[in-house]
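Okay, so subunit A shows up in both of these, paired with subunit B first and subunit C after.
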Partner chain A sequence: MELRPILSALMRSRVALVLLGLQIALTLAIVCNSLFIISERAALMERPSGMNERDTFVLASIGFGADFNLKNAIADDLAMLRALPGVVEAAPINSLPMTNGGWSSGLSLTREQKTSSAYSAMYFSDDHGLDAMGARLIAGRPYRPDELGERSRKTKGWPPVIIITRALGNKLWPGQDPIGKSVWLDTDADASTVIGIIDRLQAPWVHNDEVVEFATLLPEVINEGAFIRYIIRTAPGQRDALMKTAEAKLAEINPNRIVREGKTVEKIRADAYSDDRAMMIILGVVIASLLIITALGIVGMASFWVTQRTKQIGTRRALGATRGAILRYFLAENFVITSIGLVLGAGLAYGFNVWLIQHYQTQAMPWYYVPVGCLSLWLLGQLAVLGPARRASRVPPAMATRSI
Partner chain B sequence: MLKMNHLSKVYRTHLIETHALRDFSIHVREGEFVAVTGPSGSGKTTFLNIAGLLEEFTGGEYFLDGVDVRGMDDAARSRLRNEKIGFIFQGFNLIPDLNLFDNVDVPLRYRGFNASERRRRIEEALARVGLSARMKHYPSELSGGQQQRVAIARALAGSPKILLADEPTGNLDTQMARGVMQLLEELHADGATIIMVTHDPELAARAQRNVHVIDGQVVDIQAEPRMRGLGVVVPQAAQA
Partner chain C sequence: MFGYYLSLGLRSLRRNPVLTALMVFGIALGIAASMTSLTVFHLMGSDPIPWKSDRLHVVQLDNWDINQAYDEEKGRLPDQLTYLDATALMAAGRADRQVAMYKVVLPVQPANDGSGPEVKPYLMLGRATYNDFFPMFEPPFRYGAPWSREQDEAMARVTVLTQTTNEKLFGGADSTGKTVRFDGVDYTVVGVLDHWQPRVKYFDLTVGALTESEEAFIPFTTAIDLRAQSSGNNSCFKAPAPGWEGYLASDCIWIQFWAQLDSPAREAEYKNFLDAYVMEQKKLGRFERPLATLLPDVNEWIALQEVVSRDVEIQVGLAFAFLAVCLVNTVGLLLAKFMRKSGEIGLRRALGASRGQLFLQHLIEAGVVGISGGLVGLALTGLGLMGVRALYSEFKTITQLDWTMVAVTLLLSVLSATLAGLFPTWRACRVQPASQLKTQ
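Then we have the complex of A and B:
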């Protein structure tokens, strides 16, 4: 490899070297950080909600008219829904993971606490709720029918038994078994005892990393106003058909209400992460554009140099360079330019990441992003320069004696 | 050293055929200094290109230092060119971004010499042309005559069997041309085989032997008396 003379020659074309090097450096810095942001978003989107998302959907209704009775409507609706062939389970629910709206509350380990030990999403449902969501109980027991209650504005205190997620249990009692432990949802009321642990059930707020895995399932049905939401789990493959049927049946058995269009939990997930997906697409376009522009920059510069040095290439051929030697020369020259850009770019990439951490609370980029980015840009550079280098290798040695 | 028998070179386009060399025969022995003269378009440069393995020929035979070059692939021709031939171009053809040391180093790197061997040869070659003190200078910092000396050093560094000079003084003023010509004569006196293409009769007269080319054919070969005595093969075209 003629690295030293190549470097020496490049030092006499500093402007081109600096411009191309800077372009490569910026590309590396932006591509590495963008890819990291994309991977972070992808990881965020891939987190399981704890529900059976494939077979579940929600329906909601708002009653109207003076004779609309929410409690009776819920009883009738649930009886109808649970009787529908193909429905595995149905339950009332106040909110769901990924909906970005719901009820949260602080939990305290002692009555005397001034500040809560943790904040948790509150899901109100009946003894079918756990099953309807498809959440997995990993310890303790589910609710019994005799433990069910109602919640309205007038309700005082909190239920004596609750089920919480494993993550919330670990937060409240690190390294201990939460089953049988007491916790206060309101320090002015009685404590609730943990009777069950759910493997996982996300809070509605998927972008709040602090509470997203903390959820409490309460054995109460909301009996306030005229709004009610149901979560319905079907047998595999029957969700979409049953969603239409259930929607029609709800309207049919009680016409004094508006039934909202059903929504699958998969659609809820898609909506919850639509901004993240848009950001990933935009960053992907930015990455692709940068790589294309950088590759075109390398092609353009290499093509210019080949044209500019046609006589020189002919002279090298006349002095004994094979076609392969000329090809290798241009590949090596690109390798040197790219390497200079990448050394600068590596520093920029880490610096940019530190800036993002300081200003946007992102995570530290794993160390391997920059080396992998360097390898990719080396490869891109070599592929980009291959065309002009092949053209250079085809310059005939007789060019050395031509007057051009 | 260099032997061409009935060599021809035809350039073809879809419209016309141009016969650049026709029935071209020449024999240059080791240690000879031959000037090839002729008017513009006579085929001098084509002869030089073929002699220097820069171009392929259409017909005939060409032996370089006993090697039949007909049918050689590009890589083999490049290696043979690098090993056997030193070029001196009219426009010097130095690489402007490399200093003198690196310029002379170019053919040596293609030869595959190790770094210490290359350094020794470069230093010797630059010393031979009187430019040892300017190794780190760039071509643009030298006069035309000095640049041509560097080109000669580059041609000499690989210890070639033959030096091919294409109008070596064509871009130089009289004084510089004289210096370069003197250097070529010194090299010849030291045993170098030189073929010099020129249109300058005065320069040609300083060579040991003149070959005159017109319309792609050798029309006259003027052999030095002592060379005749050595039995120089006179090409058929010249005999005719």
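Then we have the complex of A and C:
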């Protein structure tokens, strides 16, 4: 295929060339960056919470009136919940991964240090907590019933034994075994000893990269005010039915309270990432609309050119050009225009990414986004131009002799 | 003349329905994308109380840890105050109006005595505040009035209900003077609000800008007396001493504090007062960090707390880049269309039409495309906003298209289509009549 006649033809309609090229360039820049943001969000959403999310749900209760005794209520509730057929485990808990609300505290490696070595989410539960969440202990041992305590405004100090996540252990003691090490949750109080390591348990704040993997499980039940939350794990497939039963039973055994609607951990996850999901959908719609608009633009311009050059095409056909040659001419012309646009677009795409990095602290886009985007747009251009090009190839040679 | 050009334009557009549809659709899509994102942006970022936003100020003090700033990443001061400072500033009363407040969750125990609808006990979001809250943030009253300053001081068991709560508990009737029971305590209703929903809950941004509105208000002093815990954000840099009293005396921050300052002079005066207050506290061993006090007004506060999320900003940027693509597309298509009419233009020129007349004629044709695109775009914007409401549950109340936005949409589309039409029109008008007529 000779490129020279194509180029000289294009030079005669520079404006159209610039417009189409610009459109393709902007399309490439937007599509690459949008796809990259989508992939970032997808990666964020794929991180496991460390819990068994399929079979778990939470229920909350808040008592009212002067006669309400939280401690007794918790004991009654747990006895009832754990006895329900189908419930594998139930435990009181102050907060859960992905709920975006909870207790965070600094941990120090020495009593003397002024600033904390790390910040961690604090989960308060009893010896059933780990199992109820479905989190996995990879080293050490779980809490024993004799290590349990409670926490209220009157509580001083911190428990002598704690369980932390593997990521938190790595942060505090890189490369060492955290079991048996001491850490201060309050430098004015006594240190706590690590007795167990959880494989993974996210903090409630999943959009905070600093602390998301740092969690501490404490053997204390919060006994303050009238509010309590339970995490309940059921046998597979029984979650939804048991959620209704548990809710009704809780209201039944103690009427002096409000039982808040149960929520599955799957729903908690969906809520936690709803903004990310929305962003992905919006960007997806933008990408789709953009590709449609660009494709239609190419079709429109190509049709115009074919009409404008009907006579020239006829002349070429009369001089011996085959239908295939005409078809290839328009395909090649589109390829040249798209390529020019893509060169410009590659620059724009990286520029846009740099702007995002500077203003929104996003990551750098991996190098392969632009080449893959270019390939897709070449393909899109060729497909879009195929219709008009075929129409051009059907122009009869006799057209050369006709005037319009 | 205008009418004639309009009919010429319409006829020309009808001649290539596919090309015309393509142009209208392109503009409509670009307009819809940019207007949808702009509406969200506008509603979240715009001034929620324009008539007095420059007179309402958040009080920010830096009582944080000497070794560690409150916000190391962005260098912001704490967004709330301690109980100690909030009550000291309330007692001093040096602003024109001031209010300390926090969020409480209270169980409501309906009387169900037959006087109102039958309601099961439920949890309610309340705000513990001072009587100045009402004249400062200006919620409209339907019945009654705010409680008095004396009632603040007396820790009175009084409440102001919102319209929805009054609807729920009293069927919407005038409930002033009646009692309601929250968490085992009887409160007398002194006032009922009319419908009130600021687009952004700017007076408390600590737990999200678009979270549910309050359902009732009670005096701050009453809530403290009843030891009602804050359900909002609470931050401590060291553990408070045991017990409720220990908590109140701690350096934990959990109270929002606003001051109304009616002139820049008053603002400067109040700033001096705050600085003096902090210096005084330093003598008592508090406020170990360098002196820092701030009085951001409503709009500064909304910007400081980043109410408009970065996702929304990126969406606006992308939407306008998208509009640019659509416009470039339209320029290309219009150019194709007008160049195709070269013969006709040449003929009209030869028959005596001036360049100016032809220019006007084609600009009107482009304008018609713009208006049609705008109208279709408006419909698509409505669809887009429905989509946004479905995607972001917390946007339910704010993503409504108002008349300003409708006007902006139409203006934007006509403007962009005319802009897109300028170059092709100019090119079309440069057609030499002789050369065009010759080839025929």
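As a convention for this text, the second predicted complex is superposed on the first by the 404 of 404 C-alpha atoms of A that agree within 3 Å, B and C clash if a C-alpha of one lies under 4 Å from a C-alpha of the other, contacts with A are read in each partner's own complex, and residues count from 1 in each chain.
In this section, contacts are C-beta pairs under 8 Å (C-beta built on N, C-alpha and C of every residue); 3 or more make two chains touch, one makes a residue touch a chain.
Everything quoted here is computed from the prediction, not taken from an experiment.
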item	value
Partner chain in contact with A:T155 - subunit B first, subunit C second, else both or neither	second
Which superposed partner A:P85 touches (first subunit B, second subunit C, both, neither)	neither
Contacts of A:P174 with subunit B and subunit C, given as first, second, both or neither	neither
Subunit B versus subunit C as contact partner of A:A321, first or second or both or neither	first
First (subunit B), second (subunit C), both or neither touched by A:T294	second
Which superposed partner A:A9 touches (first subunit B, second subunit C, both, neither)	first
Between subunit B and subunit C, more extensive residue contact with subunit A	C
Which of subunit B and subunit C A:A398 touches, first, second, both or neither	first
Intersection of subunit A interface sets (partners subunit B, subunit C)	403
Interfacial residue positions of subunit B with respect to subunit A in the complex	45, 48-49, 52-55, 74-75, 78-79, 81-83, 87, 89-91, 93, 95-99, 102, 105-107, 109-111, 138, 154, 158, 166
Residue ranges of subunit A in contact with subunit C within the complex	15-16, 19-20, 22-23, 26-27, 29-30, 33-34, 37, 62-66, 114-116, 153-156, 186, 188-189, 224-226, 257-258, 260, 274-275, 277-279, 281-283, 285-286, 289-290, 293-294, 296-297, 300-301, 303-304, 307-308, 356, 359-360, 403-404
Residue ranges of subunit C touching subunit A (in the complex, touch as defined)	19, 22, 25-26, 29-30, 33, 67-68, 105, 107, 109, 121-123, 183-184, 229, 238-240, 242-244, 246-247, 309-311, 313-315, 318-319, 321-322, 324-326, 328-329, 331-333, 335-337, 339-340, 387-388, 391-393, 423, 427, 440
Complex contacts: residues of subunit A adjacent to subunit B	2, 5, 8-10, 12-13, 311-312, 315-325, 396-398, 400-401, 403
